[in-house]
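I've put the structures underneath this note.
Okay, so chain A shows up in both of these, paired with chain B first and chain C after.
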Partner chain A sequence: MLRQKLKNMPVNRYIDMGAFLFLAVFPLLFTPFRTELMAKVLVYIIFAISLDLLWGYTGLMSMGHAVLFGSGGYIIALSYTFLKGVPWYMQQAGVEKIPALFSPLLNPAAAFLLALLIPGLIAAFLGTFIFSSRISGVFFSLITLALAQIFELFVTNQHEYTNGSNGLGGLERSLLGSGPLSLNALYYILFAVVLLVYFFCIWLTNTRFGTVLQAIRENEARLTFLGYKPNRFKIAVYVVSGVLAGLAGVLYIPTNGFISPTEVGLTLSTLLLVWVAIGGRGNLTGAIVGTILINWAQTLLSEQISDYWMLIMGIVVLAFVFFLPAGLIGKLISSQYARASARRRNAELEQKEAC
Partner chain B sequence: MAEPILQVTGLYVDFNKFQAVSNMNLTVEECELRVIIGPNGAGKTTLMDMITGKTKPTRGRIVFDGRDITGKSPSEISLKYRIGRKFQGPNLFENMTAYQNVEVALYGYSSIRQTVFFRRTREIEERVHAILRQVSLFEERRTMACFLSHGQRQWLEMGMVIAQDPRLIILDEPTAGMTAEETAKTGRMIQSFAADHTVIVVEHDMEFVKQISSVITVMHQGTLLAQGTYEEIEQNPEVARVYLKGEEGEPCSKPTT
Partner chain C sequence: MFALLLANGVNSAALLLLTALGLVIIMGHMKVVNLAHGELIMVGAYAAYYISTVLKLPYVFSIIGAFLITGLLGAAVERLVIRRLYGKTGETLLATYALSLVIQQTVRFISGPELKYVNIPLDGTLELGGVPVPYYNLVILLVAALALLATWLLIHKTTLGKQIRAITENRSMTGCLGINTQRIDTITFTYGTALAGLAGAMLAPIRTVSPFMGVQYLTDAFLNVVIGGVDSLFGTAFSAALIGESVTVLGGFWNDVGAKILIFVIIIILIRFKPEGMFSKEKR
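The block that comes next holds the complex of A and B.
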């Protein structure tokens, strides 16, 4: 029974298992320096999965997903900063004590909940506004793109609260007020969260809800004639994706120890699109593999050839757009599908001949 | 006699002053198989658009099963009033399997809560399989819709309509582009649906219309031209003028000098 189930599993689920095995043993095999980099990649994996739900499954290409990541991240970063008293940049701006608006951030649990809730609310608000005015396709992308730019400016300009373009630094490696964590402890907490998010998304995309999301991607108009209200599904998946992106933002703070306006705007949003596009959309594996590969390629390339690694990355992205638009895993799945259907056809032909 | 299931009275619609449908009347009885024919641009598809909520009529009333459905939304018409429709052009979920296409169409699980807690029980699976067999796509259930042949795609759409478990089935040109053999098979399928459903078929192919033999409604220039059996229609001189014998006498032909 289990063996049969394993045999019927699509090829990419084996890749997932391989990737998770690799991630699980990574700290044992590599130096703490590498482990620290990989911990950041784990956070990015959660972020990439959140976009895959929205873009890969539902066909909504958000070009400003870092807004949701960054709002979760900034809330937690502020909370960590405030816990050490009124920060110097606030005092410099003449703010003597933490404003009442920010007082919930003094409680680590409340800050954590807010950091998930607020990205979800932003997504709900945007989704309601965008989808009910029948904005779709490339216009959705453009609005989210503009939003990323606006949000980045907003965070930069709120200098007395966010320390502007200098960002918030010196954030300690702890979670939910746990006190300092060792690197390995943090790494395995992140790994566990990645697994939870992954299995949640596997479950969600395999439900009928997930099938409807794909149907929205394929032919939204047809769905309305089958009794569905696609807008509600789009808003719902946007909120789920937003909360997951916020969660990634929350985890980013103890992992990176620093956040700046580039992490809420265009730069990170675009990078995220590249990871998911190169890995392949709509199968979760692509998001995971793409994130790992690109981030490592980036690290190793920039160590070797610090000057023009960006150029090489650019060429790789172009090559994918032209020759492998489905991404690595997308290509792999479609070739597996083609082989399986050819095998089925051959089997049918043989059966006919036998008769 | 029972109330008719569908009653269209004095229906008008215009697109930028072009009268696509004007003063159209149509009555369909429960469990009837009705064929609607008419030359290109007669307003057949527009009429179906109005019945299924895709287009809002400018004037007139559509009463389905005793309830006014004029101008209601497509999702309400399919969910609450249960009118299912196969479109004229290909209208599938291309990168999904035949099985998934039918499963998405299954009636009664269309709210978010219902979709999240939907369980793929043995019964559901058997229902989907039975529908796929009915449209002879069981062998192709794992094939992506975009890899099906043209005829199979039309059948898959019909399977999706059946999965909606509708009270009224509207089939817009179900045989367009099919081979003679496929057309005959489609005719048998439609007759099997008609055994326990009310069906409206919009068609072009006269051979096919003859095969499924039922009451025929002829539309011309957005309104009702004639109605009757195949023989009656064949003998109707008006119909012969506009439809069967070609296009001569079209009012849109060049004005005589």
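The block that comes next holds the complex of A and C.
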């Protein structure tokens, strides 16, 4: 049974396995500096997978996904900051002690749960309003775009609580009150979470729920004729995607040690789209590959061409939209199908000739 | 205080209308979502900067120049990028986003990332019922009204406008009747982007000109168009007035950012109940 399943696996799963193997041994082969970068890439992979669920499988292009990421991140960041006492930027603003609203954040477990819950609630709220009427996908993208901008504004504006555009720094590398972790320990925890999220998504996309999502992407009207209510599924996948994005945000804090409004606003949201667009949507592999590729390209090439990086990315994305709309992995999968069906056709032809 | 806020609100509304006018044409009549609209506004602002500050010509030339230059850029964009993506909204969003990056960075290279300043062409204020109103605000209002009128005349009173409306309603049939839809598409898109350039030229004296100034106008313009009704000029004007006034007045009494957030939430709720906008002619 397993053998049959392995034989029928699409080629991109082999790439997944290769990527995970590479990620597993990465810290043993490379310097701590590079490992630290790869740890951040691991966080971004979780983030990209969450968008792939929403955009790749369901066809909902969220241009403000970093809001959900940033909400989770900021909640944990505030929690870590408050654990060290009333931060000086709050004292400067005249706030003497931690407001009662934030007191749950002093408990690491409660903060963790909140950091997953709040993005889910935001997604549920937005989803209920946007998906419950006959709004086309474009409006969803525009509204999430506006949301990203407003979120950045909001966080910057609430500087008595968030230290505004200066961001929150000095955040320690710990999770759930574990105390300081070594880099390798954090790396492998992140890697384990990536695997968990990956297998969860593989399972989810292979259930009937996952099939319905893809049906929404392909032909929502037909799905409605068959008796399904697409809006419920859209809200559900948005919440799942939101919680995963929040999880990525939570993990971002110990990995990066710092968070600021610009890091979790429009720029990251649109960057995320680029990773998934170039890697390929709708197969999870593209999200993984695109994120790793672009982040490392940015790091390795930025020594020479840091100035031109954004321009190059813009041109590359344009080229991909015209020539490789399915992304790298998408093209790989479709060429695998093309070869397989060509093989089948040839076999049929040979059979006919033999008769 | 309230009167001052109202007067400033009129100014915000006029600016919002200018930025959204081009979008109504492109999104309403061509059904194309152009995420590079903000960058086109920025190009208009830079064109105005160069013409007025570097070439030191009177500002009228800046306005006309920005209109023409941005229109030209729009024509190029339409033929090279937009034309191949008609009907594919997902790809159009991604492609126009990439385009906005390219335009942004190109301007940054040509002109440098530092902020540029354009002098207000008409200094001085007028006392209107105790409220100081800068002359330039009146100019903005005038230009916005003229642009609205000109656009309305173009769409509803000219043959070209009739052709544009025909394409909006049924592209293939219009093509079958012998009308060159591709040429009309280019003209429509060019006009829309030229309007964006015009908005940029009017914005340049009162905002700092930088390669990154475009993005905020993008979302405001889109929300405006969506609320007013994607294919309704009157709806866009009305909601521009509404949003512009509300944000300014609320911002004055409460807090700028709070006002924006509140308006945003209200817009989301409005969209829930009237997704086609307030004055849309489409019946769903």
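As a convention for this text, the second predicted complex is superposed on the first by the 351 of 355 C-alpha atoms of A that agree within 3 Å, B and C clash if a C-alpha of one lies under 4 Å from a C-alpha of the other, contacts with A are read in each partner's own complex, and residues count from 1 in each chain.
The rule is simple: a contact is a pair of C-beta atoms (placed from the backbone, for glycine too) under 8 Å apart; a residue touches a chain by one contact, two chains touch by 3 or more.
Owing to the predicted nature of the structure, the values given are computational and were not obtained by experimental measurement.
Q: Is A:Phe233 touching anything from chain B or chain C once the two structures are fitted on A? First, second, both or neither.
A: The answer is first: A:Phe233 touches chain B but not chain C.
Q: Of the two partners chain B and chain C, indicate the one touching more residues belonging to chain A.
A: Comparing touch counts on chain A for chain B and chain C gives C.
Q: In the overlaid three-chain picture, which partner chain does A:Leu21 touch, first (chain B) or second (chain C), both, or neither?
A: The answer is neither, since A:Leu21 touches no partner chain.
Q: Name the contact category of A:Val138: first (chain B only), second (chain C only), both, or neither.
A: Touch status of A:Val138: second partner only.
Q: Now for A:Asn157: first (chain B), second (chain C), both, or neither, which partner does it touch?
A: Second partner only.
Q: Output check: A:Leu195 vs chain B and chain C. Expected answer is one of first, second, both, neither. What do you get?
A: The answer is neither, since A:Leu195 touches no partner chain.
Q: Is A:Leu106 touching the first partner chain B, the second partner chain C, both, or neither of them?
A: neither
Q: Under the stated touch criterion, which partner chain does A:Ala146 make contact with: chain B (first), chain C (second), both, or neither?
A: In the superposition, A:Ala146 touches chain C alone.
Q: Quick check for you: in the superposed arrangement, does A:Glu218 touch first (chain B), second (chain C), both or neither?
A: first
Q: Which partner chains sit in contact with A:Met310 here, chain B, chain C, both or neither? Use first/second/both/neither.
A: A:Met310 sits against chain C, while chain B stays out of touch.
Q: Applying the document's contact rule, which stretches of chain A touch chain C when the two form their complex?
A: Against chain C, chain A makes touches at 59, 61, 63, 126, 129-130, 132-139, 141-143, 145-147, 149-150, 153-154, 157, 266, 270, 273, 277, 307-308, 310-311, 313-315, 317-318, 321-322, 325.
Q: For chain A, which residues count as touching chain B in their complex?
A: Interface residues on chain A, with respect to chain B: 204, 207-209, 211-212, 214-215, 217-219, 221-229, 232-233, 236, 337, 341, 344, 348.
Q: Mind listing the chain B positions that touch chain A in their complex?
A: Going through chain B, the ones touching chain A are 52, 54, 73-75, 78-79, 84-85, 87, 91-96, 100, 103-105, 107, 109-112, 114-116, 118, 120, 139, 142-144, 147, 160, 164.
Q: Taking the complex as given, what residues does chain C use to touch chain A?
A: Those in contact with chain A are residues 33, 35, 81, 84-85, 89-91, 93-95, 97-102, 104-106, 109, 215-216, 218-219, 222-223, 226, 255, 257-258, 260-261, 264, 268-269, 271-273, 275, 284.
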